[in-house]
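Input: structures, listed below.
Two complexes come next, and they have one chain in common, chain A, joined by chain B in the first and chain C in the second.
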Partner chain A sequence: MSMENPTGLYRYPVTKLCMVGTTMVTLVASIASCKYIFIAKYDPFISEYQQYFRLLTFQLGCVNETDMALLVLIWYQFRNLERLMGSLKYISVISLALIYTTVCLAGLNCLVNRILPWKIWNGLTTGCLPLVLALFHFYKEYTPQVYEFEVLLTQPWSQKSHRKQYKWILNDQFLVNALVAILLINQGVEGIICGFISWIIGVFLDKGLLPGMDRWRLPLMQHLLMPKDASNNQGVYENPGGETSEELLIRRDDREESPGASNGASPLDDENANDEPARPLGVQFLETFRT
Partner chain B sequence: MDLLRRAMHGGDPPFTPIPGSFPEETTTIHDSRMEGNVEDTSSGHSSRRNRWNRKAILITLVRIPFVLLYYIMVWTIVILSLLKPLCNISGFYKKKNSRLSDPKSQLNNLLETLDHESQRTLNPSVQDVNTPTYTFESLYSLEHGSLAPDIVQGGYADLLNACSEQCKFAIIYLHDSLLDNSMQYVNELLCSEKFATLIKKYQVLLWFSEVTVSEGLQAANALKVRQFPFLGVLCLKAEKKIEVIGRLEGNLDKYGTNALENVLTKGHNKLVQIRQQRQNLALQRLIREQQDSRYSESLRRDQELARQRNAQRQAALEQERQELLRKQWLLWRKSILRPEPTSTGGSACRIAIRTDGGARIVRKFDSNLTIDEIYAYVELSMEGLLDSAEVNNSPPLGYEHHYRFLLLTPVPRKELDPGTTIGDEPAIYPSGNIVMEPLT
Partner chain C sequence: MEIDGNTLLIIIIILFLFFSTPGGDGVSSQYEFNQLQSFKSQLNTEYESFEQMSYNSGFRNITGFKLSFNDVKDDPQRNATYPIPSKDYDRWFQNQDYLILPEDVTTRVKNEVWSPNMNKPEENVFPPNITSSLLGRIQLISNNKHPRIPMPVPRFYESPTEFSDVTPPEGETYFKDWPAHSELHNVTFDTGELTIQLTHVDKVPSQLGSQKKKFFNSQTDRWKFLNLRISLSDKSEHERHSLYTNAIYDVRRGRILAMTESAKFHSLFAFPHYMNLQNDNDNDDEDTFDSLKKAVKEYWDKSNFVKTLTMGDLQSWYDESILKCEYMVFLQLSPWNQYTRDQIKMIDDELNWPLGRPANLSHLPPVTVSKGILYSPDCGVELEFHDAKGERYGLKIRSIRTHLLFGIGLFIAQIYLLLCQMHHTNTPSSVNKISVYCFSMINLVDGSLATIYFFSASILPELYLPLVTSAFACFILASVFETRYLISVYASQLNERNVGISTLLRGGHSTNEDTDTATAVVPDESSISGSLYARFFFMLVSFTLLSMSARWWPRKVRMMFEYSAIIVLNSYWLPQIFRNAIKGTLPRRNRLRNQRMNEAMGVRRQNKMPLLWKFVLGTTFIRTLPVVYVFTYSSNVFRHHRNVRFVVVLCLWLLFQIAVLYSQDILGSRWFLPKLSIPEGYSYHKAMPAQDLLEHGSTAGYTIDCAICMSEVPIRVEEVPETHKVDEQTYMVTPCAHIFHTQCLENWMSYKLQCPVCRSPLPPL
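So, the complex of A and B:
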């Protein structure tokens, strides 16, 4: 039994958009040499040059390619969220979290730097780290743990019977946790501060302290996301009683070319589909010597 | 790991010294050996030390990478364990999941939630076209729902087991409360009259779960669900193999009204075939069992007959042997039978014996003998051995003779004891009649 989400990005348009967007924006900015617009340091950009647009653009692209790679990996892991919420809600939540994190982080950063004389929190992170951290709460909250395993480490030289053992328990989400931790550490203190605030924003958003989870839906996205999705199926499914209507529903193991499947519906990702048929031992031996 | 450890400790298997053992013993042995080899030690000492040095260096060299690796990993773990707040965060999320681990209570909880949500989302005042015929509670409540017996109250594995054992369809509904129209399937499909009829008609097993619990997520991943809510129809494909024959994912509007019915109708033929196969198999097994039992029955009967025959043969053999012994005994008895006293003196007794066949024997006996003599005489005369030439001088070993008749005096009727002396029996002495009666 597979314990992982279905692989690939079929029917995950928002995840696809986020992954491609994160990569493309960074690469295009790199080619066009305008990565500087993603850097938002309070001193000197805000306090001296009053470049307030930086407070709005800091999340849009990464300066560091490592961050970009990490973010793409995390977006891919977050496809479970899109499956849970549905594409429209997911992109609405993303947009909402983007707005909240941008506003809160920019506001808090300005506030802290105005009030406190030391520059302890001079800059904001680059890349959509705050957004990812806000979504991280949703991911952890709504994805149950499926399995866990232990890593044991013993001292290799001591002969004592009861030697010290290091035990470390990991679960199936450790990849996401590790990626997020690396992402946080990778941006230093700023990353940790911004990440923590964003995570709190995520919690507030989920619990309803920050409004909009239930009501806020991006207006045109319904038409952008859905028709493509529906057009694949509509013609086939809305044929009441027709012979083709159930052809699509039936997932064939033997991969026969059914009229529905050729229409480009679900990519058949059956585990057993590619398995070769069972061969008895005698046949295996004989086929070894066959030229 | 053990192999590595042994390699590092010079090939010795690791052992733990028992507390309370006698470490002195080893030293004394060592000392005695030292005393014996005092002269040798000075020469052999340096070479041994050289060898030890080489070994120690080798061991150290082998150990170094392991020690380094160990320290690197320990440092990694220590640094990672400094991120305690993150661990606490994971604990913060774990609390929710560990609360309801029992599948039955989870199911109960889910059904109650669905019921409440269904009531909340449906407006009873508006009679819409989409308003379902039944309420969720009336169909699926575990206590009094009309479809409650079909609901599998267990894990996903239980459902698969039930599906393959009972050879039925199974419908899985995975609920996702995070969706905008999360109740669409419940209100428009699960509570519809059509669905309830289908379930009853095909005796479908039902299994409900939620995607935010571990079991539901596992099922969703196993079925490769890409959109929620999800409703899947499982069916036996072959013996012990279950496949998904139909699935409704995501928005319900894109599916036709009788999509589910089509799937079930189509799958039903296959299912019936599988059921028939199973019945045939069961029938064959039954027939084979009956044949086996019949065969074993006849085998038992034959064995019994053979045993009886054997016993009969044994008995016949035994009887033959007994007859032979009896004859030998009788011949021996004849050899010691006293001759009839000639004189009619005081010691002779005249006895008339009426045998069983109506013949009459008259003979004189010595009154000093026991009545046993009369018995023997009668028996010998009955067997016709009195005149035979065969002789046997010794009685057969281990044979005890029993007469097959009784000798009685007719009036008064009295049984004659073979041990009594003839002279002591007034009924026949000096003369008397004796009647012979065979023992049955």
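So, the complex of A and C:
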């Protein structure tokens, strides 16, 4: 299982951002008691009150804490994608998928509700379910299956000779599949409808029917993601061979350096290292309580 | 845990104590049982008489209503008995022959308070939910004009005089028999402050001790049951009256009738008749009477009024009756005619269950009582007020929540600044220059805030989440970050304990104390943290209790306490100024020059100012902002009075402190001390006499092995001229006369202020 990702979030800035963001937005909204801005029901909010902002905000936070927990777990599983694409491309794809799913779902929802007389699809989901479902296509497409295993089940309380054996074949991705399935069911019919549409959007995005996959990069993200990443380990990160930073950028972009790759992981040793290693702040606080 | 006989015994005793407390109705003796029985049977008889009461018949045997106003006026010595000969019980008119109100109060209620032009239910819209607390100013009309209606208290309420008493005494006592409480039975100020807290009573518990509550009111479109807490006080809060009343709110007409309830005034039975004070046609009146009687009956039945009475009720009814006047309160709400009923419903829904409906809550008008009269039949006091206003409770909660969120933001900013400051002073030498008292003051305020937040979270369940988050943020700031920092400051200053200021000015070194300091044991951080935490929590609890109890002090004392506490607690930079003066930093220009020199030599030197300017300014801003808000913004959520002058004084005081700190940064921290008073500090860089050097086993070339890097240190020896080319800055001599390379020892001193060889304390750089 050497293909497994390293555990933890070291050098997964985008995954970290998504996990922390999902949690914090929900928590803060809950403390501020304004979770309702994530609810986008066509009737009454859109049709009666004309609160169109809800069509833009419905993906940003969850109303239900179960959804939040599921989404955080799924984001963690999706760190494969960040390793595969590199942080910059990953966050660009995320932003692109966010825009497409929001626009398509909001547009389709309004259209369906205007045209059809029945209320079959009254509301949109809360939380970033559509975004996750769009990325789910990428996950299934580009993450290879590493291993599979069988679960053998026999019927109890029957004769040994004609005992039927059930065999379940599960693979290493069954956790993600299960989480996504629960997430879809958790929001009822709306979850399944929105999830399906978003998954189609993911497919279109990948196949190029929806443009932007190759060229769209979030501006400024380069500066936010990379230098911080380089400076927060203790050693000084230097360009080998005198490359200018721009060249480095291009190169990195081209070969899509994976953040989880461990060759840069160990910090360089400081020449003037003291015998006692510098204690990080967390350790210092914990030592307060050590007796 | 092993359980032996003794432990088991203790557990059994504790369980016994738990289970042997009087449960349910709180009866703990035969006497109390009989008291409660008399109480219940009295109420049952009165309820029966209430059931027979109709729109055309008067009160019969109901406590507090046995005498009418004219009965007393005709014969002031008359006792409240039933039946009174020659009294007409079978008819009812709204005049002082039948009412307990004097004629002019009745007319004013009819014409001014419940004015006829508010009497068209279809014209005016009143909000059905008026939970709020109203503020206003109250005026005394008269306190000696009207005769006082005698209201006796049955003697079975009295507590037993002996242990052996089993049956409570019979009979009644009158006001003249009670111990003197004259000031409570009168209102002596002319104008005063009024607060009214309105709460809805929609559900009642139907069993003793059960938490389950049931709806009882089947006519919520007409009547609402309220609880009113009315408190009156004069401006200086020397005289304070607080009344707890039941009230009925006529939703269609915006009228509220509130009456206190006690052992001498069973007002619940009087609501149907007294709600009817109006100049109107009789049909409507009778309908009102019957409908209201039904509502009272529903309340009585659903709440099992008699069965759920406890000893606690009995005692509080008795206390209320002895200590306070009974009041009847007539209020008229202002209508919300700018809204339709649907809009008001949407507003209510949005306040109960926010979903972002377009209710425009920010423009919601206040709940206003346009006019009100308070009359006390047994004390003859009459008061009135106009325009008491207050925000809807739900709105108030929303605005408090916004303030709390802002406060959390401030806490987070403070945590960030503190982290920067901690990062800035990360060595014992630099931490040594920080004043413990400065951070203790900051810490005390934060800690007590955390406690107050935590307590109020249990008081205000609607705000539980933001309050607990604030308490958590504040607690993290106070007890983790600040205390942690205090511990390291304290640990670095242990050397200086029991050392006089003049010695400290010299840099913590004195020759005659060498023997003492050499043997001093420096305790480790865990023991320091233990003692500091204990001190922190003791200070915290005592300060919090003090400030909480201060809320109930009279206004003048309270204000003095508040102002002095704020001024003292905002002098947090003062100890740091003294500390700077003691430790003595160079002026900024010299420091920069030294730094450049040291950088050239490749030496790290610790002579920066101990406090970051970002931290100083940020902390001052964060801590002053709430005070400024509370004292200058007149409609603040704490209802604090406005005092701009005090805020200006406070800001000037803080600016003065900051200015002194800045001058210390620019001019050197001792600029205000006369040169002569500053003794010479300890210098690590000095030449050695040859004799001392021999004791340390110097080699022939006057060098010594540095115990840290084990390489040779060339020394400048006073007697030997050829060593005089050695720079004194390259080595350091400790007070315990050990010698190291400057770079080696300074590196070490950023971890510990102890001599690496003999462990005696080192004066910080």
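Here, the second predicted complex is superposed on the first by the 223 of 291 C-alpha atoms of A that agree within 3 Å, B and C clash if a C-alpha of one lies under 4 Å from a C-alpha of the other, contacts with A are read in each partner's own complex, and residues count from 1 in each chain.
Convention: contacts are C-beta pairs under 8 Å (C-beta built on N, C-alpha and C of every residue); 3 or more make two chains touch, one makes a residue touch a chain.
None of these values were measured; they are calculated from a predicted model.
Report for A:30: first if it touches chain B alone, second if chain C alone, otherwise both or neither.
So A:30 only meets chain C here.
First (chain B), second (chain C), both or neither: which does A:166 touch?
first
Answer with first, second, both or neither: which of chain B and chain C does A:49 touch in the superposed model?
second
Which partner does A:146 contact after superposing on A: first (chain B), second (chain C), both, neither?
first
Mind telling me which of the two, chain B or chain C, contacts the most residues of chain A?
Comparing chain B with chain C, the partner touching more chain A residues is B.
Name the residues of chain A shared by its contacts with chain B and its contacts with chain C.
Shared contact residues on chain A: none.
Per the contact definition, I'd like the list of chain A residues that touch chain C in the complex.
So the residues of chain A touching chain C come out as 30-34, 36-37, 39, 45, 49, 51, 54, 274, 276, 281, 284-285, 287-288, 290-291.
Which residues of chain C touch chain A in their complex?
Listed in rising order, the residues are 354-358, 398, 401, 405, 408, 419, 422, 465-466, 469, 480-481, 483-484, 487, 525-526, 529-530, 747, 751.
Which positions of chain B touch chain A when the two form their complex?
Going through chain B, the ones touching chain A are 1, 4-5, 8-9, 14, 16, 63, 66-67, 69-70, 73-74, 77, 83, 86, 89-90, 93-94, 96-97, 176, 178-180, 211-214, 216-218, 221-222, 224-228, 237, 243-248, 250-251, 254-259, 262-263, 266.
Across the complex, what residues on chain A touch chain B?
1-6, 10-12, 83-86, 88-89, 140-146, 153-157, 159, 161, 166, 168, 177, 181, 199, 217, 229-230, 233-234, 237-241, 245-246, 249-251, 253, 266, 269-270
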